[in-house]
Amino acid sequence: MMIYDKLFPPKKIILANNKVVEEKRSKTPFIFILIIIGFVISVNVTGFSFSILLNRWQEFFVILKEMIPPNIDYLPNIWKPLLDTIKMSLVGSLLGSLVAVIFAILASSNIIKSKFTAGIFKFILSVLRTLPTLVTALIATFVFGLGTMAGTIAIFLFTLSYIGKLLYEQIETINMGSFEALESMGLTRLQSFRHAIVPEILPTYLSTSLFCFEGNVRYASILGYVGAGGLGLLLNERLGWRDYSSVGMILVILAITVFIIERISEYFRKKLQ
Amino acid sequence: MTTVIEFIDVNKTYPNGVTALSNVNLKIEQGEFVAIIGLSGAGKSTLIRCVNRMHDINSGKLIVNTIDVSALRGKEIRQYRRKVGMIFQSFNLVTRTTVLNNVLLSSVPELPYWRKVLGVFPKETKITALTALDKVGILDKAYMRVDQLSGGQQQRVALARTLAQSPEIILADEPVASLDPVTAKQVMDDFKKINKETNMSILLNIHHVELALEYADRVIGIRQGQVVYDGKASEVTQSVLDSIYGDVQSQDELTIHPTLQPQS
Amino acid sequence: MSEMIENQFENEPKKGFYWISIATILLVAFIWSVSSIEVQSLNESGLTIASNIFRGLMNPDLELLFGLTTGGVLYLLFETICIAFLGTIFGAILAIPIAFLMAPSVVPAPIAYIVRLVVIVIRTVPALVYGLMFIRVTGPGPFAGVLTMSITSIGMVSKLYVDIIEDLDISILESLTSMGCTTFEKIRFGIIPQLFSNFLSITIYRFDMNLRDATILGLVGAGGIGAPLIFAMNSYRWNEVGSILVGLIVLILLVEFFSNKMRARLVKG
């Protein structure tokens, strides 16, 4: 942004009493032009066209119409994969959020004195975060075979990276005064951590873990699409058969499940605050 | 001396039945610095807000610079408000934008339509705004975001915003109530300075009696919607204060106070 | 004195039971869940594949990674950025009216509730299903991806917008009224400046997420880098997999870095 100020030097405004005020040029027009350019390029690259959208938007509702009414007879087939999905998210989230604590501590530069170690763990967490869950699941199916194990691993890695990052950011911004006070009283670093830092971060940690679990149920439902178990398996199969009314039923059940889990988790998260 | 604000038998009752003003008769002259004191809920705020029609009066007349305020309609109200500046206890600034942008808001109603839509202000307006900032001594903060300023500085931004409007009257509703004592004094100094330099009439509500007596030329005491004292700040005695703030139960005896008679 | 201390000691809130019961519930749920997860021992082929992937990551197919053809990683990443960019813009714009309709401080509570319900339904349908629906409109390719990203962005973005709307400081409107501003002027100069930077920050955050999610689109033929990745994996071309993954990781790290910078500037000014 220094370059911008040099290209467009600040405007000088002289007041009646000869005081001079320098007004920096607004960057809004510049940013606006950048967005327009990006927009035009993206429209060309993606082949986006409003006329197609206007002419053919009804086609969007073809599948939707076939989903209604949902195929109730398909219901008995849904329960097991649904439970699988929830179980995958539960195990993945629980293990992920537990391991995240270890990673977060090791990545916090105010707890770990070695900059190198903290840096390495930060890097691992960042790289893990960049991988889309579906890609992780896909890789996991190659390594662990098709099934719920691959899905659980994907959820686990996602949870680990997500909570790990939030947690170390929180630990690093925490007030270290109480930690030092306890250390000065002769407690070990671990004991000081337990009594000074844990109470500060615990509510947020639990709340993000719940939030993550909530989102994971949603994610887990599509992992089966690449063979990682759960509802996605059914979705893939039914979409392949173009059996959209069964797809509709799966989605209805999924919506209800997600809604219930969100309500429960929201209730507990409110209590934590 | 010319009268700028005149209350004639003004009454105001809220829809919920609470009487905020009863039979208020006041005359405020050009260039006066008037402090209104009283218990909270006594009607101080209502009195101030009637002047620029933020509240409507039920009966009586309110004349500001020969304009009958309660007769104004729609657009006339907005045009009338351009001439009356107002300062609030909570500053009422857009904290997410710069100081200058906040001061520029005062010129918004006078801009052509395209400028309003784009939010681009002409140079003259900016100079007016910057000059106003200079008057309250925070010219150097012009391009800082408001949320980075202290409370006192924020109230000065609000003051500059009002000055840039070049009003005939400044109304201030508890301008220093959310400031610490030192900053409160600084802001009151600003008010005093502006009052002396521009001869604008200033009408402010304040619950710090000491500040009111120190800065204002004239003090108006309000109690349960009635003016119970109206006189020079230097003549306010302990018994006057008792009549304004004293025990509410013994109100009957206290309303018959020698200084009750309206001045002038 | 000692009696008082003893009384206070008795008064200590008994949290132990609460924590133990929560831990028990979690443990039971965990055991119940683990039982149905098909824990397969890592067989040899799994290990080989794992090491192959790792080796692929270390030795990416450089020609694919830096080649400038439309099949190269650079172009595919570029296409993915374009899909995410357009999808985010459309989603962010569509989310504005929806967010206002979701805010109980703007519309009557029943309407807000119904709109919230609709948004939950929109959010629940997986991106893959939207992808298939939109392919019927646009044919396979990135265009369908853009539309999918737009609709999947709406849910989260509007939910975050609502928090900002509910947090609006309306005291500024009072002072604008006292200055003689019209309703339009009050919205333009009192409301929009408060919303703008926050909405923009949310939008940038969502762009970040969309970039990650755009890889899913390839599964159903809605463009982006996902499809080549899956092809390469299914045909065990690990060097290609490596180059695509390296490209993706670097891109997402870069975008995350810049978007965090921008958002910090927006919020702090």
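Order of writing sets the chain letters: A, B and C. Residues in each chain are counted from 1.
By our rule, a contact is a pair of C-beta atoms (placed from the backbone, for glycine too) under 8 Å apart; a residue touches a chain by one contact, two chains touch by 3 or more.
The structure displayed is predicted, hence computed values, not measured ones.
The set of chains in contact with chain A as well as chain B comprises C.
By number of C-beta pairs in contact, the leading pair of chains is A-C. Look at the CA centroids: the one farthest from the centroid of chain A belongs to B.
One simple way to say how far apart two chains are is to compare their mean CA positions; for chain A and chain B this gives 50 Å.
One inter-chain figure worth recording: chain A and chain C are separated by 6 Å, centre to centre, where each centre is the mean of the chain's CA atoms. In terms of their C-alpha centroids, the spacing between chain B and chain C amounts to 48 Å.
Across the complex, chain C meets chain B through its residues 169, 171-172, 174-182, 184-185, 188-190, 193-194, 196-198, 269.
Those residues of chain A that touch chain C in the shared complex are 35, 38-39, 41-43, 45-49, 52-53, 56-57, 59-60, 62-64, 83-84, 86-88, 90-91, 94, 126-127, 129-132, 134-135, 138-139, 142-145, 147-149, 152, 218, 221-222, 225-226, 229, 232, 235, 239, 247, 251, 254-255, 258-259, 262.
Residues 52, 54, 77-82, 84-86, 88, 90, 92-98, 101, 105-106, 108-109, 116-117, 119, 145, 147-148, 158, 161, 165, 171 of chain B touch chain C in their complex.
Those residues of chain B that touch chain A in the shared complex are 100, 123, 126-127, 130-131, 134, 139, 142-143.
Those residues of chain A that touch chain B in the complex are listed here as 13-17, 19, 21, 23-24.
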